[in-house]
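Structure first, commentary second.
Chains here go by letter, A, B, C and D, matching the order in which they are written, and residues are numbered from 1 within each.
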Amino acid sequence: MAAREARRGARPVDLSASDFRKLFAEVTNWDRWRQRPEVGALHFITAERIAAAAGLVRRGVTVSLGRPLNTEAGIDNPEPARHEMTMLPDVDIGLGSLRFTKDYIGVDYHNEGHSHIDALCHVAYEGRLYGGLPDAKVTSRGAAAGAIGLLCDGLVGRGVLLDIPRVRGVRWLEPGDHVFPGDLDAAERAQGVSVEAGDILLVRTGHARRQSDLAPWDTSTRKAGLHPSVARFVAERRVAALGSDGNNDTAPSTTEGVAFPIHVLAINAMGIHLLDYLQFEDVVPLCEAAKRWEFLFVAAPLRIVGGTGSPVNPIAIL
Amino acid sequence: MAAREARRGARPVDLSASDFRKLFAEVTNWDRWRQRPEVGALHFITAERIAAAAGLVRRGVTVSLGRPLNTEAGIDNPEPARHEMTMLPDVDIGLGSLRFTKDYIGVDYHNEGHSHIDALCHVAYEGRLYGGLPDAKVTSRGAAAGAIGLLCDGLVGRGVLLDIPRVRGVRWLEPGDHVFPGDLDAAERAQGVSVEAGDILLVRTGHARRQSDLAPWDTSTRKAGLHPSVARFVAERRVAALGSDGNNDTAPSTTEGVAFPIHVLAINAMGIHLLDYLQFEDVVPLCEAAKRWEFLFVAAPLRIVGGTGSPVNPIAIL
Amino acid sequence: MAAREARRGARPVDLSASDFRKLFAEVTNWDRWRQRPEVGALHFITAERIAAAAGLVRRGVTVSLGRPLNTEAGIDNPEPARHEMTMLPDVDIGLGSLRFTKDYIGVDYHNEGHSHIDALCHVAYEGRLYGGLPDAKVTSRGAAAGAIGLLCDGLVGRGVLLDIPRVRGVRWLEPGDHVFPGDLDAAERAQGVSVEAGDILLVRTGHARRQSDLAPWDTSTRKAGLHPSVARFVAERRVAALGSDGNNDTAPSTTEGVAFPIHVLAINAMGIHLLDYLQFEDVVPLCEAAKRWEFLFVAAPLRIVGGTGSPVNPIAIL
Amino acid sequence: MAAREARRGARPVDLSASDFRKLFAEVTNWDRWRQRPEVGALHFITAERIAAAAGLVRRGVTVSLGRPLNTEAGIDNPEPARHEMTMLPDVDIGLGSLRFTKDYIGVDYHNEGHSHIDALCHVAYEGRLYGGLPDAKVTSRGAAAGAIGLLCDGLVGRGVLLDIPRVRGVRWLEPGDHVFPGDLDAAERAQGVSVEAGDILLVRTGHARRQSDLAPWDTSTRKAGLHPSVARFVAERRVAALGSDGNNDTAPSTTEGVAFPIHVLAINAMGIHLLDYLQFEDVVPLCEAAKRWEFLFVAAPLRIVGGTGSPVNPIAIL
């Protein structure tokens, strides 16, 4: 770990502002599709690929890729979910011995630590949303473009999990460390899987594992994530959606002047929905046992009209 | 319709309290399973059946069975969902030209009109939850038994949709009308499908359609649903979960002293999770086109610790 | 009542757009104060006047001018308050026989039917807030000008109640009817009170009484309120704050092109905080008994940083 | 400070369980009043005393005794308030150039750091509420006894502030330190004021000052407060309500088996409403300047039906 720390220490910024601008231009696909350009990389998910992904189901086992909603405020949970019991069996509701229990759930889900999906309107960069639309499309009434409604019928396809700590032989990547394109290549080889067009690419950094094993820390300022150069990999492979156990970005950023380069490149330049703060601790043993790192992936965002994303509990079906 | 109205008028109660008690005893399965008795009818969903359900996917088309979250109070939406934009591009957040949009979503989802799933702890009857556990297991801290966590890995299996208005040749069932076991048999024959062990049975009454076509009314007191005698059908076929476009129960109830007989019989006696206030308007044309009324069904409840259910957006994959 | 209805019917618009513009210019006081211009008409409340108002207390009786928070959605309550019990005595919290009860309260208080105060930032007109500040001062982060914090130390002064139904000899003003300056003059004479500089002027239309006596109706489109010409009265008397049992404005508006003329004139032109949806049903009998329609008035807005107002429970001390 | 720390260290428990039981019995007043026994110590606030308190107003200055609502989670704010802008000027709402700004405010106010008042139902001890009522009176529907509605017309009376750090010559009391009856006596003498029947007694420990001056700490486990023996002082003086800049109790407790002895003694035994997490930093300079530590005190709880208290912004009028 020392060498890596030293390496990071040696280059707090490894992507200059102009390099980032070039990278942005290189991967931008705003003009790629004539029909429904607003759905972006979801175009890569064709009906054929969904049907093929369903064909990956062998054992009939399902497993969550989401975290329990965390209702306790903490240094790594600054905006806890609200969960209140709203009806208990203590009240005679005039229905004889019949009683109901109810609860309220609410969450400002884009915040640190909540498993969620980012709609394309979640990121505005230089005044524009994905596709070049003005960011004024998002108002206090909700998003009039790039809203989560694009995924009202679910995000379904082949999920491919690349486990970076596994291929590096560590328990987790340390905060500030990056996943580089070479890590993804190495993981593909080690796992015998290849990321292809339309895939939902899931990258494990071990962030969730580190959180469960160590004392809480300020994850908003220190976490492992994808290096911006991964955007090229993602573009070349025609990835449809991207998820991680962190928020996909490394903190702190090593890109000059851009705090969340992966968010900008994936969402804003490429129209790729991001899945943040997933956990792969439950699916990893199943993958290891089956020696297969691909599965049918289903995420079903809540139908939030004008929403900028949704809390989600994605399911892997193996 | 007149004859049916007359029939209902003639017998406001068609199931006496003692008959209900007998029916409850007949379908109760509290002692059926030695292992993990608390999951109830989920036992019927085996890995083999999940794998087989995945094999139903042909076209690779996905479609939502949920409704958009309704944030406007109304006579049919007494507890609207809350949706607030919590960050807009109007604010310089110190990240240069990078801006984020965020929102908060919250809902007391068991109420009228919200697509949701009922956990087994949602219903207490005569002081007991499913399995005979004391209802004091559900406290202001949440449910210590029968919570939605039983479905943390999703509710996945074969979905079978029985379309009652279709077989009856009407647009929808009128409020107060029941779906009887004979309707289910008739729909099976007409659609060429058979409800089998482990199925997620979805019954269309046309309630959602009636709501979209007519002026709002007080749906809490007047809606079509399943007659309690349907519980025998459900038990015999070993249905794993049950969903409808209403809340599964007919309002008003025609069972003496029990306002929600299907809730009591399905959840409390049989350990069957209910899916309420779904909509089948989008899946029906796909089923008609394919002449198939079965599909891979995936519902992914939020991971609400101690929750009594969850808002859901179930996905059908055909 | 027939004559009045006819009168309203005869002139759906009684203030033209240009007349409104003149009235706005006439009452605007943006340049009146050199020091702390942003507090507007609060300047009229001097320490001397507060001390004098305290001197009005004779009997030592206190009474609420607010409504209970309404948690049930209805045609006159489209955004109900949220009230959830968050801790009950049912849970052993590890403190022996000691238990606590807690609850959560939340409200989007500016909506129909909630007793609240409007901060000066609540109204933007032609792109400007009170004082001519750009409305962009209010962002998704809160209000950077005209926020409720101006009243962090409370709104305290002489409250004067003018009871219009009393002087007109009716139970309430019908929806759509206006309180005219002549009504205020007549009420002053009948009640033996005179509105003076620094007063918190409270105008009873009987709206709350009508709501409690009749079936609910869509109050957002039909309610009694102040005619825009009342703005002159308010300006001349140097009123510091203005409250009513409706929302001060008449619905529907009879001003061409301006749906809420009193909101615009009072808040935007004159820097007058408005108190909406109060109730005077409890204070009226005390005033009648004492033959005094003035009292010490205290409203204590919650300290919402950047807030556009606050739910309030104003107290009259007689 | 060392001596005091040592003293605390030497006696982690200084009130045995049996001594507490005796003290509870000694101060209990459940049978004191025949008429409206449920309002408890509010009986001490008579109309005469309210009128007399109004007579204390000299300068006409008002000042808040509340804290701004804190929306940022932290170690001393585990349940932050929610504040969301729900309407901004960015949206054309179909009213021409007229725009409104709105916001939602919500808070689980009994938690650490929020200025609030405890209703009498907030504390259950040995299964009973104040007056001996069963704690089952508080259900998921709200409190059917001891609710905040007892104060719907406000808590108004003479406020007397005793500044303990001032009389001790320290900036604040350290966490874990107690205010003893002798401290109150000393403060009365030093300030030239005497606590009398019907007073709202406010005790400054300096907790809020310590929070603003030092780094955040876990205030739930470490804060200064009143020693249980203060209950005798409170009973003898016939105090009507009690407030502090902490939550009135010392943490950790030095009473055997009772974590919040002041809450139990004041609320449960004596029917005294508590005001928690106030701040006196703004009123202190005014008191010092006027050499007067008494004023008209007005707190106006929100009208939460069945509520266990309310967030408050109490106002002192001097």
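Assume contacts are C-beta pairs under 8 Å (C-beta built on N, C-alpha and C of every residue); 3 or more make two chains touch, one makes a residue touch a chain.
As the structure is a computational prediction, the values presented were derived from the model and not from experiment.
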{"item": "Where subunit A and subunit C overlap in contact partners, by chain label", "value": "B, D"}
{"item": "Proportion of interface numbers common to subunit B and subunit C (over half same, under half different)", "value": "same"}
{"item": "Whole-Å separation of chain centres (CA-atom averages), subunit B against subunit D", "value": "47"}
{"item": "Cα-centroid distance, subunit B relative to subunit C, in whole angstrom", "value": "45"}
{"item": "Inter-centroid spacing, subunit D versus subunit C (mean Cα positions, whole Å)", "value": "29"}
{"item": "Of all residues in subunit D, the ones touching two or more other chains", "value": "82, 85-88, 90, 104, 136, 139-141"}
{"item": "Pairwise touch network: line, ring, star, complete, or other", "value": "complete"}
{"item": "Subunit D-touching residues of subunit C, taken from the complex the two chains share", "value": "46-52, 54-55, 57-64, 66-69, 71, 82-83, 85-89, 95-111, 115, 121-127, 135-136, 138-143, 149, 152-154, 156, 257-260, 263-264, 282, 296, 298-315, 317"}
{"item": "Residues of subunit C defined as touching subunit A within the complex", "value": "82, 84-86, 88, 90, 104, 140"}
{"item": "Of all residues in subunit C, those that touch subunit B in their complex", "value": "72-75, 77-80, 82, 85-88, 90-91, 136, 139-141"}
